[in-house]
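Chain naming follows the written order as A, B, C and D, and within any one chain the residues start at number 1.
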Amino acid sequence: MDETPSDGKAVMTHAQQMLETHPGTVQVEAGALIACIEACSDCAQSCTACADADLGEPDVAMLLRCITLCENCSDVCVATGRVLSRQTEFVPELAQAVVRACLETCHTCREECERHADHHEHCRICAEICRRCEQACEDVLSALPM
Amino acid sequence: MDETPSDGKAVMTHAQQMLETHPGTVQVEAGALIACIEACSDCAQSCTACADADLGEPDVAMLLRCITLCENCSDVCVATGRVLSRQTEFVPELAQAVVRACLETCHTCREECERHADHHEHCRICAEICRRCEQACEDVLSALPM
Amino acid sequence: MDETPSDGKAVMTHAQQMLETHPGTVQVEAGALIACIEACSDCAQSCTACADADLGEPDVAMLLRCITLCENCSDVCVATGRVLSRQTEFVPELAQAVVRACLETCHTCREECERHADHHEHCRICAEICRRCEQACEDVLSALPM
Amino acid sequence: MDETPSDGKAVMTHAQQMLETHPGTVQVEAGALIACIEACSDCAQSCTACADADLGEPDVAMLLRCITLCENCSDVCVATGRVLSRQTEFVPELAQAVVRACLETCHTCREECERHADHHEHCRICAEICRRCEQACEDVLSALPM
(Lines give C-alpha, C1' and ligand atoms only; values in the text may rest on other atoms or scores of the structure.)
Protein backbone atom coordinates (compact mmCIF):
# COMPACT_ATOMS: atom_id res chain seq x y z
CA MET A 1 0.00 0.00 0.00
CA ASP A 2 0.97 3.56 -0.60
CA GLU A 3 2.45 5.48 2.27
CA THR A 4 3.48 9.09 2.35
CA PRO A 5 6.46 9.66 4.63
CA SER A 6 7.16 12.93 6.40
CA ASP A 7 9.22 14.35 3.56
CA GLY A 8 6.15 14.23 1.33
CA LYS A 9 7.60 11.90 -1.26
CA ALA A 10 5.41 8.91 -2.05
CA VAL A 11 7.22 5.61 -1.57
CA MET A 12 6.68 2.81 -3.99
CA THR A 13 3.87 0.33 -3.49
CA HIS A 14 4.86 -3.26 -2.82
CA ALA A 15 3.76 -4.39 -6.30
CA GLN A 16 5.98 -1.68 -7.75
CA GLN A 17 8.94 -2.68 -5.58
CA MET A 18 8.54 -6.31 -6.61
CA LEU A 19 8.44 -5.39 -10.28
CA GLU A 20 11.45 -3.07 -10.05
CA THR A 21 13.56 -5.83 -8.49
CA HIS A 22 12.52 -8.44 -11.06
CA PRO A 23 15.66 -9.94 -12.64
CA GLY A 24 14.23 -10.10 -16.17
CA THR A 25 12.91 -7.68 -18.73
CA VAL A 26 9.33 -6.73 -18.06
CA GLN A 27 7.44 -6.89 -21.36
CA VAL A 28 4.61 -4.51 -20.55
CA GLU A 29 4.89 -0.80 -19.78
CA ALA A 30 5.46 -0.87 -16.01
CA GLY A 31 2.94 1.82 -15.03
CA ALA A 32 0.03 0.12 -16.78
CA LEU A 33 1.10 -3.29 -15.52
CA ILE A 34 1.38 -2.28 -11.88
CA ALA A 35 -1.88 -0.34 -11.98
CA CYS A 36 -3.69 -3.41 -13.32
CA ILE A 37 -2.11 -5.83 -10.83
CA GLU A 38 -3.10 -3.53 -7.97
CA ALA A 39 -6.57 -2.90 -9.37
CA CYS A 40 -7.13 -6.67 -9.63
CA SER A 41 -6.09 -7.19 -5.97
CA ASP A 42 -8.30 -4.35 -4.88
CA CYS A 43 -11.29 -5.43 -6.94
CA ALA A 44 -10.98 -9.05 -5.83
CA GLN A 45 -11.23 -7.99 -2.19
CA SER A 46 -14.02 -5.45 -2.71
CA CYS A 47 -16.13 -7.92 -4.66
CA THR A 48 -15.81 -10.60 -1.96
CA ALA A 49 -16.78 -7.97 0.62
CA CYS A 50 -19.69 -6.68 -1.49
CA ALA A 51 -21.11 -10.18 -2.03
CA ASP A 52 -20.90 -10.68 1.74
CA ALA A 53 -22.51 -7.31 2.51
CA ASP A 54 -25.33 -8.18 0.09
CA LEU A 55 -26.03 -11.28 2.20
CA GLY A 56 -26.53 -9.01 5.21
CA GLU A 57 -29.09 -6.74 3.52
CA PRO A 58 -32.83 -7.06 4.23
CA ASP A 59 -33.47 -7.13 0.46
CA VAL A 60 -31.01 -9.97 -0.16
CA ALA A 61 -33.49 -11.59 -2.57
CA MET A 62 -33.05 -8.58 -4.89
CA LEU A 63 -29.28 -8.94 -4.80
CA LEU A 64 -28.76 -12.49 -6.09
CA ARG A 65 -27.33 -11.32 -9.39
CA CYS A 66 -25.06 -8.87 -7.60
CA ILE A 67 -23.77 -11.62 -5.29
CA THR A 68 -23.06 -13.97 -8.20
CA LEU A 69 -21.35 -11.36 -10.34
CA CYS A 70 -19.23 -10.18 -7.41
CA GLU A 71 -18.12 -13.75 -6.68
CA ASN A 72 -17.24 -14.26 -10.35
CA CYS A 73 -15.42 -10.94 -10.50
CA SER A 74 -13.35 -11.75 -7.43
CA ASP A 75 -12.26 -15.09 -8.85
CA VAL A 76 -11.37 -13.71 -12.28
CA CYS A 77 -9.49 -10.75 -10.73
CA VAL A 78 -7.38 -13.10 -8.56
CA ALA A 79 -6.41 -15.16 -11.61
CA THR A 80 -5.73 -12.07 -13.75
CA GLY A 81 -3.55 -10.38 -11.13
CA ARG A 82 -1.48 -13.56 -10.87
CA VAL A 83 -1.07 -14.02 -14.63
CA LEU A 84 0.11 -10.41 -14.93
CA SER A 85 2.46 -10.80 -11.96
CA ARG A 86 4.33 -13.59 -13.76
CA GLN A 87 6.80 -11.77 -16.02
CA THR A 88 9.67 -14.26 -16.40
CA GLU A 89 7.96 -16.20 -19.19
CA PHE A 90 5.22 -13.77 -20.11
CA VAL A 91 3.03 -14.68 -23.11
CA PRO A 92 1.20 -11.59 -24.42
CA GLU A 93 -1.52 -13.57 -26.26
CA LEU A 94 -2.37 -15.47 -23.09
CA ALA A 95 -2.40 -12.30 -21.01
CA GLN A 96 -4.62 -10.64 -23.60
CA ALA A 97 -7.28 -13.35 -23.38
CA VAL A 98 -7.23 -13.32 -19.58
CA VAL A 99 -7.34 -9.51 -19.29
CA ARG A 100 -10.22 -9.39 -21.79
CA ALA A 101 -12.14 -11.85 -19.61
CA CYS A 102 -11.36 -9.69 -16.58
CA LEU A 103 -12.57 -6.57 -18.39
CA GLU A 104 -15.85 -8.27 -19.32
CA THR A 105 -16.32 -9.61 -15.78
CA CYS A 106 -15.58 -6.26 -14.11
CA HIS A 107 -17.86 -4.49 -16.59
CA THR A 108 -20.80 -6.82 -15.97
CA CYS A 109 -20.30 -6.68 -12.20
CA ARG A 110 -20.02 -2.89 -12.21
CA GLU A 111 -23.26 -2.45 -14.15
CA GLU A 112 -25.10 -4.63 -11.64
CA CYS A 113 -23.54 -2.91 -8.61
CA GLU A 114 -24.53 0.48 -10.07
CA ARG A 115 -28.17 -0.61 -10.10
CA HIS A 116 -28.00 -0.87 -6.30
CA ALA A 117 -25.70 2.07 -5.68
CA ASP A 118 -28.47 4.41 -4.52
CA HIS A 119 -29.61 2.22 -1.66
CA HIS A 120 -26.44 0.28 -0.82
CA GLU A 121 -23.28 2.26 -0.25
CA HIS A 122 -21.11 -0.88 -0.53
CA CYS A 123 -22.49 -1.43 -4.04
CA ARG A 124 -21.65 2.16 -4.96
CA ILE A 125 -18.07 1.78 -3.74
CA CYS A 126 -17.68 -1.65 -5.33
CA ALA A 127 -18.96 -0.32 -8.67
CA GLU A 128 -16.34 2.41 -8.56
CA ILE A 129 -13.56 -0.08 -7.83
CA CYS A 130 -14.78 -2.32 -10.70
CA ARG A 131 -14.76 0.70 -13.00
CA ARG A 132 -11.13 1.44 -12.10
CA CYS A 133 -10.22 -2.18 -12.76
CA GLU A 134 -11.97 -2.03 -16.15
CA GLN A 135 -9.89 1.03 -17.02
CA ALA A 136 -6.70 -0.65 -15.80
CA CYS A 137 -7.51 -3.70 -17.95
CA GLU A 138 -8.06 -1.51 -21.02
CA ASP A 139 -4.74 0.24 -20.39
CA VAL A 140 -2.89 -3.07 -20.13
CA LEU A 141 -4.54 -4.34 -23.31
CA SER A 142 -3.24 -1.25 -25.12
CA ALA A 143 0.22 -1.76 -23.61
CA LEU A 144 0.64 -5.42 -24.56
CA PRO A 145 3.43 -6.04 -27.10
CA MET A 146 1.25 -7.80 -29.70
CA MET B 1 -15.27 -38.85 -8.80
CA ASP B 2 -16.76 -41.63 -10.80
CA GLU B 3 -17.33 -44.92 -9.09
CA THR B 4 -18.61 -48.10 -10.61
CA PRO B 5 -20.66 -50.13 -8.14
CA SER B 6 -21.02 -53.89 -8.28
CA ASP B 7 -24.06 -53.78 -10.55
CA GLY B 8 -21.91 -52.19 -13.25
CA LYS B 9 -23.95 -49.00 -13.53
CA ALA B 10 -21.89 -45.83 -13.31
CA VAL B 11 -23.11 -43.52 -10.55
CA MET B 12 -23.18 -39.79 -11.11
CA THR B 13 -20.13 -37.69 -10.37
CA HIS B 14 -20.48 -35.15 -7.59
CA ALA B 15 -20.51 -32.24 -10.05
CA GLN B 16 -23.35 -33.95 -11.88
CA GLN B 17 -25.29 -34.57 -8.65
CA MET B 18 -24.89 -30.93 -7.63
CA LEU B 19 -26.14 -29.74 -11.02
CA GLU B 20 -29.12 -32.11 -11.05
CA THR B 21 -30.28 -30.83 -7.66
CA HIS B 22 -29.91 -27.17 -8.61
CA PRO B 23 -33.23 -25.39 -7.97
CA GLY B 24 -33.07 -23.21 -11.09
CA THR B 25 -32.94 -23.75 -14.81
CA VAL B 26 -29.46 -24.52 -16.03
CA GLN B 27 -28.80 -22.44 -19.12
CA VAL B 28 -26.13 -24.58 -20.74
CA GLU B 29 -26.49 -28.14 -22.01
CA ALA B 30 -25.76 -30.16 -18.88
CA GLY B 31 -23.35 -32.67 -20.39
CA ALA B 32 -21.04 -30.03 -21.83
CA LEU B 33 -21.26 -27.94 -18.68
CA ILE B 34 -20.39 -30.76 -16.29
CA ALA B 35 -17.58 -32.00 -18.52
CA CYS B 36 -16.03 -28.53 -18.53
CA ILE B 37 -16.42 -27.98 -14.78
CA GLU B 38 -14.76 -31.35 -14.13
CA ALA B 39 -12.04 -30.76 -16.72
CA CYS B 40 -11.22 -27.41 -15.09
CA SER B 41 -10.91 -29.04 -11.63
CA ASP B 42 -8.77 -31.78 -13.04
CA CYS B 43 -6.56 -29.47 -15.09
CA ALA B 44 -6.10 -27.06 -12.18
CA GLN B 45 -4.75 -29.87 -10.01
CA SER B 46 -2.58 -31.43 -12.71
CA CYS B 47 -1.02 -28.11 -13.62
CA THR B 48 -0.13 -27.34 -9.99
CA ALA B 49 1.39 -30.82 -9.73
CA CYS B 50 3.26 -30.48 -13.04
CA ALA B 51 4.77 -27.13 -12.06
CA ASP B 52 5.90 -28.72 -8.80
CA ALA B 53 7.32 -31.81 -10.55
CA ASP B 54 9.23 -29.49 -12.92
CA LEU B 55 10.91 -27.95 -9.86
CA GLY B 56 12.17 -31.41 -8.91
CA GLU B 57 13.76 -32.16 -12.29
CA PRO B 58 17.55 -31.89 -12.85
CA ASP B 59 16.88 -29.74 -15.94
CA VAL B 60 14.64 -27.28 -14.07
CA ALA B 61 16.33 -24.38 -15.91
CA MET B 62 14.81 -25.70 -19.17
CA LEU B 63 11.35 -25.84 -17.63
CA LEU B 64 10.79 -22.22 -16.56
CA ARG B 65 8.23 -21.58 -19.27
CA CYS B 66 6.45 -24.83 -18.42
CA ILE B 67 6.30 -23.89 -14.72
CA THR B 68 4.90 -20.44 -15.48
CA LEU B 69 2.31 -21.66 -17.96
CA CYS B 70 1.20 -24.43 -15.59
CA GLU B 71 0.77 -21.93 -12.76
CA ASN B 72 -1.25 -19.64 -15.02
CA CYS B 73 -3.34 -22.51 -16.30
CA SER B 74 -4.15 -23.70 -12.79
CA ASP B 75 -5.31 -20.24 -11.73
CA VAL B 76 -7.45 -19.67 -14.82
CA CYS B 77 -8.98 -23.15 -14.56
CA VAL B 78 -9.98 -22.57 -10.92
CA ALA B 79 -11.70 -19.30 -11.86
CA THR B 80 -13.40 -20.82 -14.92
CA GLY B 81 -14.71 -23.86 -13.06
CA ARG B 82 -16.25 -21.54 -10.47
CA VAL B 83 -17.85 -19.19 -12.99
CA LEU B 84 -19.43 -22.18 -14.76
CA SER B 85 -20.58 -23.69 -11.45
CA ARG B 86 -22.65 -20.56 -10.73
CA GLN B 87 -25.90 -21.13 -12.61
CA THR B 88 -28.47 -19.13 -10.60
CA GLU B 89 -27.62 -15.85 -12.30
CA PHE B 90 -25.62 -17.12 -15.22
CA VAL B 91 -24.49 -14.52 -17.80
CA PRO B 92 -23.53 -16.23 -21.09
CA GLU B 93 -21.41 -13.31 -22.39
CA LEU B 94 -19.33 -13.32 -19.20
CA ALA B 95 -18.94 -17.10 -19.30
CA GLN B 96 -17.90 -16.89 -22.94
CA ALA B 97 -15.07 -14.44 -22.23
CA VAL B 98 -13.83 -16.52 -19.29
CA VAL B 99 -14.01 -19.85 -21.12
CA ARG B 100 -12.19 -18.32 -24.10
CA ALA B 101 -9.40 -17.23 -21.74
CA CYS B 102 -9.32 -20.74 -20.28
CA LEU B 103 -9.11 -22.27 -23.77
CA GLU B 104 -6.19 -20.01 -24.68
CA THR B 105 -4.42 -20.73 -21.40
CA CYS B 106 -4.87 -24.51 -21.65
CA HIS B 107 -3.77 -24.44 -25.28
CA THR B 108 -0.58 -22.50 -24.54
CA CYS B 109 0.21 -24.69 -21.53
CA ARG B 110 -0.44 -27.89 -23.48
CA GLU B 111 1.90 -26.89 -26.31
CA GLU B 112 4.69 -26.23 -23.83
CA CYS B 113 4.09 -29.45 -21.87
CA GLU B 114 4.16 -31.40 -25.16
CA ARG B 115 7.68 -30.10 -25.82
CA HIS B 116 8.83 -31.93 -22.67
CA ALA B 117 6.58 -34.98 -22.99
CA ASP B 118 9.32 -37.26 -24.29
CA HIS B 119 11.58 -36.83 -21.29
CA HIS B 120 9.10 -35.99 -18.51
CA GLU B 121 6.14 -38.28 -18.08
CA HIS B 122 4.32 -35.72 -15.87
CA CYS B 123 4.48 -33.24 -18.77
CA ARG B 124 3.03 -35.83 -21.13
CA ILE B 125 0.14 -36.53 -18.76
CA CYS B 126 -0.42 -32.85 -18.03
CA ALA B 127 -0.49 -32.05 -21.77
CA GLU B 128 -3.18 -34.66 -22.25
CA ILE B 129 -5.29 -33.23 -19.42
CA CYS B 130 -4.89 -29.72 -20.84
CA ARG B 131 -5.99 -31.01 -24.25
CA ARG B 132 -9.14 -32.48 -22.70
CA CYS B 133 -9.85 -29.19 -20.97
CA GLU B 134 -9.39 -27.32 -24.26
CA GLN B 135 -11.94 -29.63 -25.88
CA ALA B 136 -14.34 -29.21 -22.96
CA CYS B 137 -14.00 -25.41 -23.25
CA GLU B 138 -14.74 -25.57 -26.99
CA ASP B 139 -17.81 -27.69 -26.33
CA VAL B 140 -19.12 -25.25 -23.72
CA LEU B 141 -18.51 -22.32 -26.06
CA SER B 142 -20.68 -24.07 -28.68
CA ALA B 143 -23.34 -24.81 -26.06
CA LEU B 144 -23.68 -21.26 -24.69
CA PRO B 145 -27.08 -19.68 -25.37
CA MET B 146 -25.76 -16.58 -27.19
CA MET C 1 -11.40 -38.87 -13.04
CA ASP C 2 -11.69 -42.56 -12.60
CA GLU C 3 -12.52 -44.65 -15.62
CA THR C 4 -13.09 -48.35 -15.81
CA PRO C 5 -11.92 -49.78 -19.12
CA SER C 6 -13.39 -52.87 -20.73
CA ASP C 7 -11.02 -55.25 -18.96
CA GLY C 8 -12.49 -54.20 -15.64
CA LYS C 9 -9.27 -52.84 -14.14
CA ALA C 10 -9.58 -49.36 -12.75
CA VAL C 11 -7.07 -46.97 -14.30
CA MET C 12 -5.34 -44.42 -12.14
CA THR C 13 -6.89 -41.02 -11.53
CA HIS C 14 -5.04 -38.05 -12.92
CA ALA C 15 -3.90 -36.94 -9.46
CA GLN C 16 -2.48 -40.41 -8.92
CA GLN C 17 -0.71 -40.40 -12.29
CA MET C 18 0.81 -37.00 -11.56
CA LEU C 19 2.07 -38.18 -8.17
CA GLU C 20 3.50 -41.44 -9.53
CA THR C 21 5.53 -39.54 -12.14
CA HIS C 22 6.86 -37.00 -9.65
CA PRO C 23 10.68 -36.97 -9.83
CA GLY C 24 11.20 -36.60 -6.08
CA THR C 25 10.40 -38.58 -2.99
CA VAL C 26 6.85 -38.03 -1.83
CA GLN C 27 6.90 -37.48 1.91
CA VAL C 28 3.37 -38.52 2.75
CA GLU C 29 1.81 -41.97 2.29
CA ALA C 30 0.58 -41.76 -1.31
CA GLY C 31 -2.91 -43.17 -0.77
CA ALA C 32 -3.80 -40.68 1.96
CA LEU C 33 -2.23 -37.82 0.03
CA ILE C 34 -4.05 -38.51 -3.23
CA ALA C 35 -7.36 -39.06 -1.45
CA CYS C 36 -7.03 -35.70 0.26
CA ILE C 37 -5.98 -33.82 -2.89
CA GLU C 38 -8.97 -35.28 -4.74
CA ALA C 39 -11.36 -34.66 -1.85
CA CYS C 40 -10.26 -31.01 -1.73
CA SER C 41 -10.89 -30.57 -5.49
CA ASP C 42 -14.25 -32.24 -5.18
CA CYS C 43 -15.29 -30.32 -2.08
CA ALA C 44 -14.17 -26.99 -3.56
CA GLN C 45 -16.43 -27.51 -6.56
CA SER C 46 -19.40 -28.84 -4.58
CA CYS C 47 -19.27 -25.96 -2.12
CA THR C 48 -19.23 -23.36 -4.91
CA ALA C 49 -22.19 -25.17 -6.49
CA CYS C 50 -24.06 -25.45 -3.17
CA ALA C 51 -23.63 -21.74 -2.39
CA ASP C 52 -25.00 -20.99 -5.85
CA ALA C 53 -27.92 -23.41 -5.48
CA ASP C 54 -28.75 -21.77 -2.13
CA LEU C 55 -29.10 -18.45 -3.97
CA GLY C 56 -31.74 -20.05 -6.18
CA GLU C 57 -33.89 -21.33 -3.30
CA PRO C 58 -37.11 -19.55 -2.24
CA ASP C 59 -35.86 -19.60 1.37
CA VAL C 60 -32.52 -17.99 0.53
CA ALA C 61 -32.80 -15.79 3.64
CA MET C 62 -32.51 -18.95 5.78
CA LEU C 63 -29.39 -20.04 3.94
CA LEU C 64 -27.04 -17.09 4.51
CA ARG C 65 -24.82 -19.04 6.87
CA CYS C 66 -24.76 -21.99 4.49
CA ILE C 67 -23.73 -19.72 1.59
CA THR C 68 -20.94 -18.11 3.60
CA LEU C 69 -19.57 -21.37 4.97
CA CYS C 70 -19.66 -22.97 1.52
CA GLU C 71 -17.74 -20.04 0.02
CA ASN C 72 -15.17 -20.26 2.82
CA CYS C 73 -14.89 -24.02 2.44
CA SER C 74 -14.34 -23.76 -1.31
CA ASP C 75 -11.53 -21.23 -0.87
CA VAL C 76 -9.77 -23.19 1.87
CA CYS C 77 -10.09 -26.47 -0.06
CA VAL C 78 -8.51 -24.90 -3.17
CA ALA C 79 -5.55 -23.66 -1.12
CA THR C 80 -5.18 -26.98 0.74
CA GLY C 81 -5.28 -29.09 -2.41
CA ARG C 82 -2.53 -26.95 -3.88
CA VAL C 83 -0.30 -27.04 -0.80
CA LEU C 84 -0.58 -30.85 -0.73
CA SER C 85 0.09 -31.09 -4.47
CA ARG C 86 3.48 -29.40 -4.00
CA GLN C 87 5.81 -32.22 -2.96
CA THR C 88 9.24 -31.06 -4.18
CA GLU C 89 9.87 -28.90 -1.13
CA PHE C 90 7.17 -30.19 1.18
CA VAL C 91 7.12 -28.80 4.74
CA PRO C 92 5.09 -31.07 7.04
CA GLU C 93 4.50 -28.40 9.72
CA LEU C 94 3.07 -26.01 7.13
CA ALA C 95 0.90 -28.73 5.61
CA GLN C 96 -0.33 -29.66 9.07
CA ALA C 97 -1.54 -26.13 9.84
CA VAL C 98 -3.26 -25.82 6.47
CA VAL C 99 -4.93 -29.25 6.63
CA ARG C 100 -6.12 -28.52 10.16
CA ALA C 101 -7.74 -25.31 8.88
CA CYS C 102 -9.32 -27.30 6.07
CA LEU C 103 -10.66 -29.88 8.50
CA GLU C 104 -12.21 -27.16 10.67
CA THR C 105 -13.71 -25.41 7.64
CA CYS C 106 -15.16 -28.61 6.15
CA HIS C 107 -16.53 -29.61 9.55
CA THR C 108 -18.28 -26.29 10.12
CA CYS C 109 -19.65 -26.24 6.58
CA ARG C 110 -20.85 -29.83 6.81
CA GLU C 111 -22.74 -29.21 10.06
CA GLU C 112 -24.56 -26.26 8.48
CA CYS C 113 -25.35 -28.14 5.25
CA GLU C 114 -26.76 -31.02 7.33
CA ARG C 115 -29.25 -28.64 8.92
CA HIS C 116 -30.76 -28.09 5.46
CA ALA C 117 -30.30 -31.63 4.13
CA ASP C 118 -33.95 -32.59 4.60
CA HIS C 119 -35.33 -29.85 2.39
CA HIS C 120 -32.43 -29.20 0.01
CA GLU C 121 -30.92 -32.18 -1.75
CA HIS C 122 -27.86 -30.15 -2.80
CA CYS C 123 -27.14 -29.46 0.88
CA ARG C 124 -27.41 -33.17 1.67
CA ILE C 125 -24.95 -34.06 -1.10
CA CYS C 126 -22.59 -31.21 -0.19
CA ALA C 127 -22.60 -32.27 3.47
CA GLU C 128 -21.59 -35.77 2.44
CA ILE C 129 -18.74 -34.45 0.28
CA CYS C 130 -17.55 -32.23 3.15
CA ARG C 131 -17.63 -35.24 5.47
CA ARG C 132 -15.41 -37.18 3.08
CA CYS C 133 -13.01 -34.28 2.89
CA GLU C 134 -12.91 -34.08 6.70
CA GLN C 135 -12.00 -37.76 6.81
CA ALA C 136 -9.36 -37.32 4.11
CA CYS C 137 -7.87 -34.41 6.08
CA GLU C 138 -7.74 -36.52 9.25
CA ASP C 139 -6.03 -39.32 7.36
CA VAL C 140 -3.40 -36.95 5.95
CA LEU C 141 -2.79 -35.46 9.40
CA SER C 142 -2.08 -38.98 10.70
CA ALA C 143 0.20 -39.68 7.73
CA LEU C 144 2.36 -36.55 8.03
CA PRO C 145 5.99 -37.28 8.93
CA MET C 146 6.13 -35.10 12.06
CA MET D 1 -4.99 1.85 -1.80
CA ASP D 2 -4.25 4.74 0.37
CA GLU D 3 -4.29 8.17 -1.17
CA THR D 4 -3.43 11.44 0.43
CA PRO D 5 -5.48 14.29 -1.00
CA SER D 6 -4.31 17.89 -1.12
CA ASP D 7 -5.72 18.73 2.30
CA GLY D 8 -3.35 16.20 3.85
CA LYS D 9 -6.03 13.98 5.37
CA ALA D 10 -5.65 10.31 4.50
CA VAL D 11 -8.76 8.89 2.88
CA MET D 12 -9.91 5.43 3.77
CA THR D 13 -8.60 2.41 1.90
CA HIS D 14 -11.11 0.45 -0.15
CA ALA D 15 -11.11 -2.45 2.31
CA GLN D 16 -11.91 0.03 5.06
CA GLN D 17 -14.71 1.64 3.05
CA MET D 18 -16.23 -1.74 2.32
CA LEU D 19 -16.14 -2.70 5.99
CA GLU D 20 -17.61 0.62 7.16
CA THR D 21 -20.58 0.21 4.82
CA HIS D 22 -21.25 -3.39 5.82
CA PRO D 23 -24.88 -3.71 6.97
CA GLY D 24 -24.15 -6.08 9.87
CA THR D 25 -22.13 -5.99 13.04
CA VAL D 26 -18.50 -6.70 12.45
CA GLN D 27 -17.32 -9.17 15.08
CA VAL D 28 -13.64 -8.38 15.08
CA GLU D 29 -11.99 -5.10 16.04
CA ALA D 30 -12.07 -3.20 12.72
CA GLY D 31 -8.48 -1.97 12.72
CA ALA D 32 -6.97 -5.43 13.19
CA LEU D 33 -9.39 -6.95 10.69
CA ILE D 34 -8.70 -4.45 7.91
CA ALA D 35 -4.96 -4.59 8.48
CA CYS D 36 -5.03 -8.38 8.12
CA ILE D 37 -7.27 -8.37 5.02
CA GLU D 38 -4.95 -5.84 3.37
CA ALA D 39 -1.80 -7.66 4.47
CA CYS D 40 -3.16 -10.90 2.98
CA SER D 41 -3.87 -9.20 -0.38
CA ASP D 42 -0.47 -7.62 -0.38
CA CYS D 43 1.37 -10.78 0.64
CA ALA D 44 -0.52 -12.90 -1.91
CA GLN D 45 0.64 -10.62 -4.73
CA SER D 46 4.22 -10.26 -3.48
CA CYS D 47 4.63 -14.01 -3.07
CA THR D 48 3.39 -14.70 -6.62
CA ALA D 49 5.81 -12.04 -7.87
CA CYS D 50 8.72 -13.40 -5.77
CA ALA D 51 8.19 -16.97 -7.01
CA ASP D 52 8.21 -15.59 -10.57
CA ALA D 53 11.31 -13.47 -9.97
CA ASP D 54 13.07 -16.56 -8.53
CA LEU D 55 12.43 -18.32 -11.85
CA GLY D 56 14.32 -15.51 -13.60
CA GLU D 57 17.44 -15.76 -11.42
CA PRO D 58 20.63 -17.50 -12.62
CA ASP D 59 20.70 -19.52 -9.38
CA VAL D 60 17.11 -20.76 -9.77
CA ALA D 61 18.20 -24.25 -8.63
CA MET D 62 18.99 -22.76 -5.19
CA LEU D 63 15.53 -21.18 -4.98
CA LEU D 64 13.23 -24.19 -5.32
CA ARG D 65 12.16 -24.06 -1.69
CA CYS D 66 11.58 -20.32 -1.95
CA ILE D 67 9.42 -20.77 -5.05
CA THR D 68 7.32 -23.48 -3.41
CA LEU D 69 6.83 -21.61 -0.15
CA CYS D 70 5.91 -18.42 -1.99
CA GLU D 71 3.31 -20.27 -4.07
CA ASN D 72 1.86 -21.84 -0.92
CA CYS D 73 1.87 -18.52 0.89
CA SER D 74 0.06 -16.78 -1.95
CA ASP D 75 -2.68 -19.42 -2.02
CA VAL D 76 -3.20 -19.43 1.74
CA CYS D 77 -3.22 -15.62 1.89
CA VAL D 78 -5.91 -15.43 -0.81
CA ALA D 79 -8.12 -17.87 1.11
CA THR D 80 -7.49 -16.12 4.45
CA GLY D 81 -8.24 -12.65 3.11
CA ARG D 82 -11.53 -13.94 1.76
CA VAL D 83 -12.57 -15.74 4.94
CA LEU D 84 -11.89 -12.56 6.94
CA SER D 85 -13.76 -10.42 4.40
CA ARG D 86 -16.94 -12.43 5.02
CA GLN D 87 -18.48 -10.86 8.10
CA THR D 88 -22.23 -11.53 7.70
CA GLU D 89 -22.01 -15.04 9.13
CA PHE D 90 -18.56 -14.91 10.70
CA VAL D 91 -17.47 -17.97 12.69
CA PRO D 92 -14.55 -17.09 15.01
CA GLU D 93 -13.36 -20.71 15.45
CA LEU D 94 -13.15 -21.19 11.69
CA ALA D 95 -11.36 -17.87 11.22
CA GLN D 96 -8.93 -18.81 13.98
CA ALA D 97 -7.91 -22.06 12.29
CA VAL D 98 -7.47 -20.34 8.93
CA VAL D 99 -5.51 -17.38 10.31
CA ARG D 100 -3.26 -19.77 12.25
CA ALA D 101 -2.51 -21.61 9.01
CA CYS D 102 -1.78 -18.28 7.35
CA LEU D 103 0.55 -17.27 10.18
CA GLU D 104 2.46 -20.56 9.87
CA THR D 105 2.66 -20.25 6.07
CA CYS D 106 3.84 -16.62 6.15
CA HIS D 107 6.37 -17.46 8.86
CA THR D 108 7.87 -20.38 6.92
CA CYS D 109 7.95 -18.39 3.69
CA ARG D 110 9.53 -15.37 5.38
CA GLU D 111 12.33 -17.44 6.93
CA GLU D 112 13.19 -18.89 3.51
CA CYS D 113 13.02 -15.50 1.75
CA GLU D 114 15.33 -14.05 4.41
CA ARG D 115 17.97 -16.66 3.53
CA HIS D 116 18.15 -15.09 0.04
CA ALA D 117 17.64 -11.48 1.05
CA ASP D 118 21.32 -10.55 0.71
CA HIS D 119 21.58 -11.51 -2.93
CA HIS D 120 18.00 -11.08 -4.15
CA GLU D 121 16.28 -7.80 -3.41
CA HIS D 122 12.85 -9.26 -4.26
CA CYS D 123 13.37 -11.87 -1.55
CA ARG D 124 14.26 -9.15 0.95
CA ILE D 125 11.12 -7.18 0.12
CA CYS D 126 8.93 -10.29 0.09
CA ALA D 127 10.28 -11.35 3.50
CA GLU D 128 9.33 -7.97 4.90
CA ILE D 129 5.81 -8.22 3.50
CA CYS D 130 5.44 -11.75 4.93
CA ARG D 131 6.62 -10.44 8.32
CA ARG D 132 3.92 -7.76 8.25
CA CYS D 133 1.32 -10.35 7.37
CA GLU D 134 2.50 -12.57 10.25
CA GLN D 135 2.06 -9.62 12.61
CA ALA D 136 -1.38 -8.82 11.18
CA CYS D 137 -2.41 -12.47 11.65
CA GLU D 138 -1.24 -12.41 15.28
CA ASP D 139 -3.20 -9.22 15.89
CA VAL D 140 -6.37 -10.72 14.42
CA LEU D 141 -5.93 -13.87 16.50
CA SER D 142 -5.80 -11.68 19.63
CA ALA D 143 -8.86 -9.75 18.47
CA LEU D 144 -11.11 -12.76 17.76
CA PRO D 145 -14.12 -13.00 20.09
CA MET D 146 -13.42 -16.52 21.38
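One rule holds for everything that comes next: contacts are C-beta pairs under 8 Å (C-beta built on N, C-alpha and C of every residue); 3 or more make two chains touch, one makes a residue touch a chain.
Remember, predicted model here, so these are calculated numbers, not experimental data.
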{"item": "Chain pair, A-B or B-D, that carries the greater number of C-beta contacts", "value": "A-B"}
{"item": "Chain separated most widely from chain D, comparing mean CA positions", "value": "B"}
{"item": "Interchain centroid distance [CA atoms averaged], chain B/chain C, Å", "value": "17"}
{"item": "Interchain centroid distance [CA atoms averaged], chain A/chain B, Å", "value": "24"}
{"item": "Centroid spacing, where centroids are CA-atom means, of chain B and chain D in whole angstrom", "value": "28"}
{"item": "Two or more partner chains touched - positions in chain D", "value": "52, 55-56, 64, 67-68, 71, 78, 82, 86, 88-89"}
{"item": "Footprint of chain B on chain A - complex, ascending", "value": "64-65, 67-69, 71-72, 75-76, 78-79, 82-83, 86, 88-91, 93-94, 97-98, 100-101, 103-105, 108"}
{"item": "Of all residues in chain D, those that touch chain A in their complex", "value": "1-4, 13-15, 17-19, 21-24, 37-38, 41-42, 44-46, 48-50, 52-53, 55-57, 74, 78, 81-82, 85-89, 120-122, 125-126, 129"}
{"item": "Partner chain D, residues of chain B touching it in the complex", "value": "51-52, 55-56, 60-61, 64, 67-68, 71"}
